[in-house]
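You will see two complexes here that share chain A, one where it goes with chain B and one where it goes with chain C.
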Partner chain A sequence: MQLKIGNIYIKDVQFASTTEVKEGVLHLNKDEFLAVAGDDERIASVDVYLAKPGEETRIIPVKDVIEPRVKVEGDGGIFPGFMCGVEQVGSGTTHVLKGAAIVTTGRIVGFQEGIVDMSGPGAEYTPFSKTYNIVLKVEPIDGILQHEHEEIVRLAGFRAGIYVGKAGHNVTPDDYRTFETKPLVQQINEYPDLPKVVYVYMLQTQGLLHDTYVYGVDAKKIIPTFLYPTEVFDGAVVSGNCVSACDKNPTYVHMNHPVIEELYAKHGKEFNFLGCVVTNENVTLMDKERSSNMTAKLVEFLGADAVIISEEGFGNPDADLVMNCNKITKKGIKTVLITDEYAGQDGASQSLADSTPAGDAVVTGGNANEIIKLPVMKNVIGYPEVAEVIAGGFQGSLSSDGSITVELQAITGATSEVGYGYLSARTY
Partner chain B sequence: MGIKIVHYINQFYGGIGGEDKADYAPEKISGVKGPGMGLQAAFGDKATISSTIICGDSYFNENIEAATEVILEMIKEENPDVFIAGPAFNAGRYGVACGAVCKAVSENLNIPVVTGMYIENPGADMYKKNAYMVETTNSAAGMKDAITKVAALALKLGTGEAIGTPEAEGYMARGVRRNIICEDRGAKRAVDMLIKKIKGEEIVTEYPMPTFDRVDPAEPVKDVRKAKIAIVSSGGPVPKGNPDHIESSSASKFGKYSIVGIDDLTPENGETAHGGYDPVYANQDLDRVIPVDILREMEKSGEIGSLHDFYYSTVGNGTSVNNSKKFAAEIAKDLLASNVDAVILTST
Partner chain C sequence: MRKEIFIVTNNKLVIEEFPALEVIGDLDAVFLKVRDLVHEGNVIMTHPLSGSIKPHETEFKSIVLSKGDGTMNFDSLHLIENAITTSAKFKKPKRDYGIDNSRVENDFMTIDYSLLKTGLEGLGTTLYKLIDI
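After this line comes the complex of A and B, so read on.
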């Protein structure tokens, strides 16, 4: 399966009468955008703001981030199972408005939504301080329960992403990158002498606002399965979860999956990258056992010599990470794990809720409990008062002057467990 | 005068005498003494050792509490910016004294502390988490190198300059995790680590996985019909309004709440503070998190002896193990004092 990604680099975004990309500037018709994004009878109001890199702007609470993409050739569309049918995606050509992002905000759904600062110390910790953000504020009608609220905002974000992405349909991309993974036997035969690598892609599926979807299916209900890596670039996996902002994977990160990109970078040189096994992180022991057994079996079946296993979330899913590591190691397959840490504000506690001697090669996204002070911003989009109740906040987080003291946990993407960021931690 | 420092040494380095003077009681003298001279020379005009405390090793170890109290008072009077003890090399009792004093100063006076000793000194394992502890040779032959490292750390601590890694600064790792920014993103680091592992090359994990302590289950309750049962939960159950403002994640406290006169939890009298799950169903009926209604029925029908008047609650979501241990110790003490026989632990 071969996918050509055409990048259209966006250097600015502004409101205009027609939605289009002209010389790297994304023009947005506000009314049309809001009509599409707000097209759900459960939505009471929608609004849109622009937030650009370097501005003194804070977005809080951030729910999801979506990259505008459009399918210009090949089967299916972007976000299969949500915004189009469930044709097999991941082949053909997809255009990307690289540098632009839809950021969804609005009244808080649960507790675990994030902060994005466009400048200042907080901006260093979130990748979305570097994107030109179209901030979509969605408010549902009264009487909506939390999980419905989450769904309403999620779908509004996808509609917005599709609408904006279409502006790139007839634009000639600035560059192309081609990714290809062949059917298993052909792929193995292409580089018969290289060690075979599989990516074990763990999805947050603890339920009750902690969900991820694969082709529209709630990943709680999947048996671990195989994905061609390119399917992810067309939005086959999307976020539907309100886990702590620092280490959940926003939809944007799934679409730009860093582990898949980095594995492709060494594919055919250092190893033979066969593809991804997606698995879940359910809360019952039987589910954990079943999924980790199936994952280890699939990895072995594919003939992997080594795997990267990434976790999403923390605490309960640490058990899934450890089970996957132990069972895959037991089959004689080498593992590298990616996680983050909850070592306490002072960094003195053990970082994970479960542990294994087999986990001897770990990459960490850093200690999410570390405290950061975010200075006052000129513009705040959203609701700053939620700083005291979001995960990573505490009573007194919001000072009277508008500055915010929180754990890194509250910053969207700060301790990415798919290695999107540069943060790590060491023992001092 | 730059940074103000108080220095602690034993009777030997204080020039009082050897083993025969080890029962020497704490004494404070102004200025430097013994190894303090080397430290002062290393500081130049950036720091001044205002006074030196001398204490016999036997005296300290035989009167730990009293000696610590006196020494703390002596240090407090000076109001220093940094406190230094030793270095103790391989002198066991001296090492323990240096570590214990550093711990007391750090915890009670909130002053940064530096010491130094040989890695096998019993004081090292006991106190390396409580001080920046420079790893020295096993004898005073390594004094010069030890002094250089101790002085450098003290200056950095005194000026608030960032402390480098244990390897760079020469101190023993304290087990504290601190964030750093890497040159490569995490995904690339993982792929590079994988390539090394495949090739069988040496890899350095970014997080050495911990060894967990396992708790043996308690003996079964002999007669549950006579037992006083308490509820302890990390699922965040709280009285309506979360009166103690327990955090939705990374809790800094637990609450103790009366259920006297409550037979059923309702949206009016209870809710959850937990940020790790959809609160709808817990807020509709908090008995789903802590089964007060059923336990009351069992109490009435005699299936259990009684339900303790209070439940104890915190939020487990993202809460550090150290905080959890602290809460558990306090809750356990209270449970014992209330003659509780058994506890039902619930999470989320």
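After this line comes the complex of A and C, so read on.
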């Protein structure tokens, strides 16, 4: 399966009378955009704001981030199972408005999280301070409960992403990147001397506000399965995960999966990247046993010599991470784990809720408990009043001068467990 | 014969709908009750650290156990001891959400209730029977 990604680099976004991309500037017809994004009888009102890198702007609370993409050649469309049918995606050509993002905000529950600062110290911790953001604020009609509210905001974001992505359909991309994974036997034979690597892609799937979807299917109900990595670039995996801003994978991150991109970068040189096994993180021990057994079996069946395993979340998913690590290691396959840490504000506590001696190669996305002070911003998009009740904050988080002292966990993408962020460690 | 399972909870939304062993108290009270039950030979069926809302952001917790044969299950003990250690790490004074206090409390209860329901659906009724204890 081969996918050509055509990047159209976006240097600015402006409201205009016609939605189009001209010389790298994304022009957006506000009324048309709102009509498409708000096209759901359960929505009372929608509004849109622009937030650009370097501005003194805070977006709060961020629910999801979506990259505008459009399929220009090949089967299916972006976000299969949601915005189109369930044709197999991941082949042909897809155009990307690189540098633009749809950011959704909504008050789904009373407690809040998900801060994106476009400048200042907070901006250094979120990748979405560097994108030209089209912020979509969604208010449902009265009487909508949390489950439905989450779905309404999620789907509005996808509709907005599809609408904006279409502006790139007839634009010649600035550059192309081609990704290819062949059917298993051919792929193994292509680089017979290189070690074979599989990516075990764990998805947050615990329930309300903790869900992820694969081709429209609630991933807590899947048996672990194989995905060609390019399927992910067309939106085969999307987020319905609204909790734990720092280490959840927004839809944008699934579409730009850094582990998959990096595996492709070294594919055919250092190793032979065979593809992805997607698996879940359910709440019952029985589901965990079943999914980790199936994952280990699939990885062995694919002939992997080594796997990368990333988790999404903390606590319950640590158990899945450890089970996957133990069972895959037991089959004689090497593992590298990716996680983040909740090591206390001083970094001195045990980082995960579970551990294993088999987990002898671990990459961390950073300590989510670390404290940061976020200064006052001139503009606040979304719901400024929620600063007092931000998760990762504490009593007295909001100072009288308007600054907020919070743990990194409140910042969208700060400790990404797939490495889509800026934290790193250096030795001197 | 189906295995008997039961719920331990401090969440009134759960108590209103399911037979459950009610714990009066916070998250730690639920964890300590579950630890006692594990020592008595019961087995944990749903992860004590379910959900991404951190311990003490929310105090509501529902955990499913199965009735054991009196032999202590070390995997369950490991799970609940780790949960207790994690809870201590996250301990902080209760937040005041002002006028939103009751809404936030209701949201936390709803999420715990939803995660429990997801767990019960995952366990199903073929192998397990939910009992009152």
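Following the convention adopted for this analysis, the second predicted complex is superposed on the first by the 414 of 428 C-alpha atoms of A that agree within 3 Å, B and C clash if a C-alpha of one lies under 4 Å from a C-alpha of the other, contacts with A are read in each partner's own complex, and residues count from 1 in each chain.
Methods note: a residue touches a chain if its C-beta (ideal position, glycine included) is under 8 Å from a C-beta of that chain, and two chains touch if they have at least 3 such contacts.
Keep in mind it's a predicted model, so treat the numbers as computed, not measured.
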Superposition on chain A - do chain B and chain C clash or fit: clash
Which of chain B and chain C A:D117 touches, first, second, both or neither: neither
Chain B versus chain C as contact partner of A:D64, first or second or both or neither: neither
Touched partner set for A:T339, first chain B, second chain C, both or neither: first
Residue contacts on chain A - larger count, chain B or chain C: B
Partner chain(s) touched by A:E311 [first = chain B, second = chain C, both, neither]: neither
Touched partner set for A:Y428, first chain B, second chain C, both or neither: first
Partner chain(s) touched by A:D234 [first = chain B, second = chain C, both, neither]: neither
Which of chain B and chain C A:V389 touches, first, second, both or neither: both
Touching partner for A:E262 - first (chain B), second (chain C), both, neither: first
First, second, both or neither for A:Q146, with chain B first and chain C second: both
Where chain A meets both chain C and chain B, residue numbers: 110-111, 146-147, 206-210, 243-244, 314-315, 342, 344, 349-350, 389, 391, 393-395, 409
In the complex with chain A, residue positions of chain C that touch it: 44-47, 49-54, 57, 64, 79, 82-83, 85-86, 89-90, 92-98, 100, 103-104, 106-108, 110-111, 114-119, 122-123
Residues of chain A defined as touching chain B within the complex: 110-112, 124, 145-147, 195, 197, 206-210, 243-244, 258-259, 261-263, 265-266, 270-271, 305-306, 308, 310, 314-315, 334, 336, 338-339, 341-352, 355-357, 359-370, 389-395, 407-409, 416-428
In the complex with chain C, residue positions of chain A that touch it: 109-111, 146-147, 204, 206-210, 220, 241, 243-244, 248, 282-288, 313-316, 318-319, 342, 344, 349-350, 353-354, 388-389, 391, 393-395, 409
Residue ranges of chain B in contact with chain A within the complex: 129, 163, 165-166, 173-191, 193-195, 197-198, 203, 205-212, 245, 247-250, 252, 274-281, 316-323
